[in-house]
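We call the chains A, B and C, going by the order they appear; numbering starts again at 1 in every chain.
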Amino acid sequence: MHSPVLINKDILSTKNLNKQELLAILKAASCMEKLVTEKGVCPMLTDTLIAFLFLEPSTRTRLSFEAAAERLGAKTISVADAGSSSILKGESLSDMVKVVAGYADCIVLRQSAMGLAETVAGQIAIPLINAGDGHGQHPTQALLDLYTISKELGKLESLKIALVGDLKYGRTVHSLCYALLPFQPEFVFCAPKDLYMPSAITNDLKSKGVCITEVESLEQALQADVLYMTRIQKERFPDQKQYELLKGSFVLKKELVLQQNKDVLILHPLPRVDEIDTHVDELPRAAYFRQAHNGMYVRMALLAMVLGKDIPGL
Amino acid sequence: MHSPVLINKDILSTKNLNKQELLAILKAASCMEKLVTEKGVCPMLTDTLIAFLFLEPSTRTRLSFEAAAERLGAKTISVADAGSSSILKGESLSDMVKVVAGYADCIVLRQSAMGLAETVAGQIAIPLINAGDGHGQHPTQALLDLYTISKELGKLESLKIALVGDLKYGRTVHSLCYALLPFQPEFVFCAPKDLYMPSAITNDLKSKGVCITEVESLEQALQADVLYMTRIQKERFPDQKQYELLKGSFVLKKELVLQQNKDVLILHPLPRVDEIDTHVDELPRAAYFRQAHNGMYVRMALLAMVLGKDIPGL
Amino acid sequence: MHSPVLINKDILSTKNLNKQELLAILKAASCMEKLVTEKGVCPMLTDTLIAFLFLEPSTRTRLSFEAAAERLGAKTISVADAGSSSILKGESLSDMVKVVAGYADCIVLRQSAMGLAETVAGQIAIPLINAGDGHGQHPTQALLDLYTISKELGKLESLKIALVGDLKYGRTVHSLCYALLPFQPEFVFCAPKDLYMPSAITNDLKSKGVCITEVESLEQALQADVLYMTRIQKERFPDQKQYELLKGSFVLKKELVLQQNKDVLILHPLPRVDEIDTHVDELPRAAYFRQAHNGMYVRMALLAMVLGKDIPGL
């Protein structure tokens, strides 16, 4: 008998997941959704303690992960403080993670230093899930995006995906590009000049045969199967006037969608500020709240899989 | 068979609860108290996840609610941060509640904008319990007050209730007035001039036939069945000297109670600062700590009821 | 039948625990470690609610305690906010603890006022565990130190223990001295001049027949069975230059250990800053991470014991 997919594996980046693993996660998430809908809970981690270390503010991701663990019947401990500096008080993150690895069976870590999740994962014996590391990776967001696309459109192969907004610092879009890579995607990038997708990523994707178009307007970006909107953070612009000028060009309105492409699937990792007008919510293909809800099922799947549980229905 | 009282209902204000519902809540709370006393727990919500969103500081109310959920065996997720601004980061509360409604089966919400609890409750499919909305309503506090009065005095009908302190901004007294309304109360209001009960509430109560007296001293207020003390917050007074002058007149001392009316039931929503001298705690009718404890049973009752559970013994 | 050891007892200081109780705690901790290793959980507190009131920042101790409660299947409620002032808002700690005692079956309290844990424990009917009170006591840390020494060295009697660093303000070393007292210890104190062990403690220990040596260098301190390192906090020194001078003399390096005494057991309550070089971690007798892990088992033992549970295997 082969051992379960992903057992004891760290989830650090979507780059480390192959197609078989990605599909297994989506299938497991689907099983979880079915179980929660039918019974409310799936008590398969009742002998397990999961530690949530959120050293950077992230209420939504934390609640989604904790809801996932709770629905699985896991025991939980949490650090939910934004002020990581006051938590660590000079202690290295590495020491802290080693200590917590002695209490828990799995660690979910959010912190601000790119690449640090990978380093500390190598120092402990239990699986670690990266819940966002600075401008680096946010693999569980990408996996829930994948699950949402698959569920809403019925397929993942050969889709045209437009990514809009802050493509430079947005770790969710970086992770999503790599999560989609095994499914022959075509990408459309639409970003303000100072927030282009890093050329390292663009070149890497192109070298793997991905077709990438760069466009300048939402009208053009809307000519796709999926429109993935992201927030443009004011703080990214040294010149606030430039921000105000740009902002308007990247606000999605209901009328524009209806004019240009009413069938486009609209996603957003949330929170939104004003880049999606609330009237867009009325469109049947505006899926960002369903997308957020899917996060719980995908995280249930990941927790159960890295902890080696058999998932009923898988 | 009729459906259970309050099933799937939002608990937003005591104004929305009729006499039958109020009595059902008190009876359910009594069942809960009996079950906890006998067995420690009542695992009737083991398939349920409750989200606590406390976006305004409120340690005591949050702990009471979470203890209630835990004693019922519910799964829980929590936001306990005082700094709601940093949590929301420009996101609307409405978006946040919609996201969390995808994870949870019930939301308990504390936030600072009067009336906003009602708005967001209308946007989600799961029940929402208002745990305090600014200067608006705090229905669960009023319900535990009601439960305490009923338990301590053995009746609710035709009581003379003196409300003392900040009647202008104190949401607990506003909610309590309406919770008592179906039980033919007589009210005595005792407040500093700048902190009178809002005339909209006084007039509304009078129009419903309630007898209201306004008095100026604690001596007069003590001539009642129940003395409900509240905190006067320094910040309410533009002139700090006026605050210092007034404060003294609204401090309850043990001697005064013994002189004026040793049978009066003394309540306070807590936290107190110095408006009840600690020697008052020695009086058998000083019930504010028992009142706080009752909060857990009342909140257990509400959670079980809105989630449609049959309560053993009800 | 005699009643279980420690049932309903407060755990306030290691001074209050006799040898029989200390040995019972160590034995119970050992049972807990065995149970967790075999089954992950020991669901013996499923009908119990434990309140964690951490009014002073202490992520590590809080997580260890909460992990202990969770592994025992207890229900939990928590205050994890550093900002105790904002929590209490003028309310006395005494009032707050009385309120929470109405929700919970046991309280674990961390706060900054020496001796206050004892005062409030006397005001409530449920057991209270002191998780650190300012510069006073930190009994559960001392108990996990004891458990670690016993486990690592196979005995507790007649050991030579060197305590290094801030012996003046370090509550963990104060508690540890008294926890070791029944086991004929010999102490070596090694501290900067301004951070000597308080003479009240030194004299008290001497009057009880304990042999105490004071040394000035790590080389000398290393001539012991156990080297217990602690952090020297910069803030303790009015003159920062003096701190910088001193600091270097109290940094443990791998080479020094190998030269002086490779068999010494190296402990530290964590977090460390730089007083133990990370290369020391490579030594087999560097036990501080195992020491931290042991905290969970010791706290499981204490929670189960004060709540009167029979511990399987004890």
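In this section, a contact is a pair of C-beta atoms (placed from the backbone, for glycine too) under 8 Å apart; a residue touches a chain by one contact, two chains touch by 3 or more.
Source: prediction; values computed, not measured.
If more than half of the interface residue numbers appear on both sides, call it same; otherwise different. Which is it for subunit A and subunit B?
At the contact between subunit A and subunit B, which are copies of one sequence, the residues are largely different (under half shared).
Can you give the rotation angle that fits subunit B onto its twin subunit C by Cα atoms, in degrees and rounded to the nearest 5?
Going from subunit B to subunit C via C-alpha fit gives 120 degrees.
Could you put a whole-Å number on the gap between the CA centroids of subunit A and subunit B?
Measuring from centre to centre gives 40 Å for this pair.
Which parts of subunit C, given as residue numbers and ranges, touch two or more other chains?
Expected reply: 80.
Mind listing the subunit A positions that touch subunit B in their complex?
My answer: residues 39-41, 57, 59-60, 63-64, 66-67, 70-71, 80, 82, 270-273, 289-290, 292-293, 296.
In the complex of these two chains, what residues of subunit B are touching subunit A?
Answer in residue numbers: 46-49, 51, 75-77, 79-81, 83, 86-91, 95-96, 98-100, 102-105.
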